[in-house]
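Alright, structures below, take your time with them.
Here chain A shows up in two complexes: once beside chain B, once beside chain C.
What follows is the complex of A and B.
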């Protein structure tokens, strides 16, 4: 079964913009991996090395095994149990413990990096300099300096670089962007991002010496915490939607609940202020999961909940006339006659049901720490494999990933220094 | 226990009454579309509501007619 082509066809059908969707076609990476590529890649395979075969690496391997034009030829991880798990899925792939050797393998056309954050930049840069195409998980790198270096090396190398921002390939996000551009929610006035979980984010450690290696997400040396692991996905909304950069960033972060020796915040709240007065917020707490995760785009005529794919109009469509008539008769008969109304009523949230923006919406609650199903990841990896064969970079993807990573890292900096930061102009790249 | 017999004539009369109720409710739907300025496609999308409402009105009429018949019967008995 050709999963890639079926997915693409279903995708276009679902989004419903096969024709007359010039705006979307010209704006989103998925559509720019053009239809002619089907012929170009016929019979060819992208030969890949997977560097980092932990849980996220296995998630990608499972996707790659479904993609006709992908072949996993090498596996690399310094932790033997992870390597063994991957080898069980890809028994023919060569195994490496040193990523330099995996990159140097002549059978490897491209590398897929699912290693801890602080390893992203060195491996990506080594891969690009060795002439390999690279897919690197988000966030781009541990520091803003590394992000810039990665971007510069990518531009100089002429090779393909993909960063794991699957929202750019998720039908409901693409449809939402189309609706926003069509003015369905009026003028955009705010972006609210939040991601709530209730777990300690820890992985079991077989022996104490492996603590920082396995639980790398909890230590500042190797992780940007909630900002880079979760926020980087959602902060992309700022550049994607506002098409500009924030001028000021501030926020607060603390360890409020999981006081178990971790160094990264378990509660963060960051505000990004844009030159035109708009703001984008990101809030994450991992000791309460009631509200789950979402990206909410607020407009003066409506609200979009992107992860649910729901549209709420400020003036919802009225009930059918006959129902309104019955309601009115009922109110006239049964309602009490009030002599004086209350002087204040709570402005609770609207109970209007949202309208799905697509026919078959696939959602997830954001609680899976490895990766959700049907979130665009398969399409993203498939597109990377196509790019490895054609050698054609995906416009917009690296730039969007660069800025989402920079925003996540600046959020961390603002929280750590407890001050309002100005966006550093030296990290502006030719985009937007 | 005595069997209650509903004659064919009575059945036809009841059907006619329900049809009248349905027509009335259908016109009520049309009127509410005009009054509340909603979409004319509600003439067919809201048929289930119209049907349910027509049954309710028919039921209400039935109760009223039974009550009227009971009073009438009692009144005539007393007079006789």
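What follows is the complex of A and C.
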């Protein structure tokens, strides 16, 4: 894996996008970044404080250690064993227990937050108000009010804010978006998101008093459960693809299997209805992992499985030889074509297998509870470091994250209240 | 009723080109190119081709309980079975080709002498319990012969029909050339063209082993499967004969091939030994 900054040109080459119209570019924040940024940041480093050094914090630290223009100058966690783990990787970094002190550190240009969800808003807002650039894990915040406040503070601050939506940096997703914009699957008629795992989602707790701190994902005060931890990634497809907001949201959520004192649902199904009649669904269950994780985009001419990078056409493509002959006739060319042979095998298998949309696609099944390799996370963090140096925000990213978080949280609200919600207009921001 | 296969067509007005295709038809894929500025004729021709091929598939299928062939295979060893006119003509032809190919072309895959055809009553009977008929070796050729008639009836001058790559029919010529030049691919080395055959109101049939199907052609005289990496292609005006001869020539020894071909003066054959 090339750990240098991926330039725009490298990226275009990697994804195989040769010419992009405005429509396509608007879907790829990466392309809108400054092409000369590699020169701009030459020799400079983004000096970062990592706030929250649990499993996700360490995952980011391991990426940052590979990024030339990143320097970890401070570490912060209220839990000493987590701080010790991080200090072992970054022995020179200053250690803090209080995030206000870490933010105030004069050597810190930007902070990276991998703390429990309910801490996202307070730390982010403190960071931005202190004039620091901020990277915060997804989902954006624990409540929709906090999401809005974070967004407003970000806009006022003029600082850089990144939210951990790595799909915007994952080549197979970008390629899929390009294919969709080019009409490869025709008109999009549905988005189906699902994430299935089979584990209790618990971390070992050394003593009972630490339960809520370590297993913060399982309690409503600190977590939105499956919606914010998993759904927020996938619900981004709604704004990314439909370029609109749902008008109605409904769903059901229950604790069906892991009845161990947790407060968040272990089984959820949510439907987002859009004004034009289209829908997006999200379903997650953590007591069966057979179907794994995917986002399926259904069009009238084909289907894309985004996490697998596979394309299925509704109508099978002509055999290559015949296609060549058709191209000849359409372009007034006369030449021979080779396709004859003792073909005895039915030639229909390829139409059911799905076609990879990129060479060497890297996929994962969504079962890792910390983070998968090569899913765009490294590129995302690298891009943040660049932004810390240049002071330039990434277009789209905060807005996409804002809405995916709002949709995740509205899903929870609909399930908790067992009703159909209308999208609250006071949470519309100038985007789309 | 035969289920309608997965089929589609497009018509490109600028190129006057219709492309129709169907999958899972006679166990393979059918591609039809028709070059004609009369879009309606081209489309009705494609629809007729599709309907006719579906009809033939049900007529020829050994596995479809509704097909005439299935009923014959089930019952002809017990009693003579009355045969429809179309299948009767085909069985008579098969008998003739069996003789002309010195017994190598055999729709029983074993011993055609166990098949009794009574011309007076137009009935068929098997003298051995295990006898059954398999029209797989000429089904696509027969379909191409019927397709050829349909195309001619629609007054279409320029068409190419590809039935699973092994059976290709060229009517008229490529719109920008004086033939339909069709390359034969080496199944063991994809992208290598073994030979180019120029079709003009003629058809090409190719038989032989492939990497995925090394043993599927049986010698009725020895009951042994062909194991050599051998490909035979036959070009002739009659698509049925192209089919029969390519299947025959992959198993016949060279001396017998040369004798058989004397009775088919318009047929050209090419043999590729890929060992």
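FYI, the second predicted complex is superposed on the first by the 380 of 432 C-alpha atoms of A that agree within 3 Å, B and C clash if a C-alpha of one lies under 4 Å from a C-alpha of the other, contacts with A are read in each partner's own complex, and residues count from 1 in each chain.
The working rule: a contact is a pair of C-beta atoms (placed from the backbone, for glycine too) under 8 Å apart; a residue touches a chain by one contact, two chains touch by 3 or more.
These numbers come from a predicted model, not from an experiment.
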Which partner, chain B or chain C, touches the larger number of chain A residues?
C
Look at A:325 in the shared chain and tell me whether it touches chain B only, chain C only, both, or neither; answer first, second, both or neither.
both
Touched partner set for A:208, first chain B, second chain C, both or neither:
neither
Identify the partner contact of A:277: answer first if only chain B is touched, second if only chain C is, both if each is, neither if none is.
neither
Could you look at A:430 and tell me whether it touches chain B, chain C, both or neither (first, second, both, neither)?
neither
Touching A:315 in the superposition: chain B (first), chain C (second), both, neither?
second
Is A:334 touching the first partner chain B, the second partner chain C, both, or neither of them?
second
Going by the contact definition given at the top, which residues of chain A touch chain B in one complex and chain C in the other?
318, 321-322, 325-326
Could you list, by residue number, the parts of chain A that touch chain C in their complex?
315-316, 318-319, 321-322, 325-326, 328-330, 332-348, 351
Per the touch rule above, chain B residues touching chain A in the complex are 28-29, 31-36, 38, 42, 45-46, 49-50, 53
Please give the residue numbers of chain A that touch chain B in the complex, ascending.
318, 320-326
What residues on chain C touch chain A, complex-wise?
6, 8, 12, 14-15, 17, 19, 21, 23-24, 27-29, 31, 33, 35, 160, 162, 164-166, 168, 174-177, 181-187, 191, 193, 196-197, 204, 206-210, 212-213, 216, 231, 233
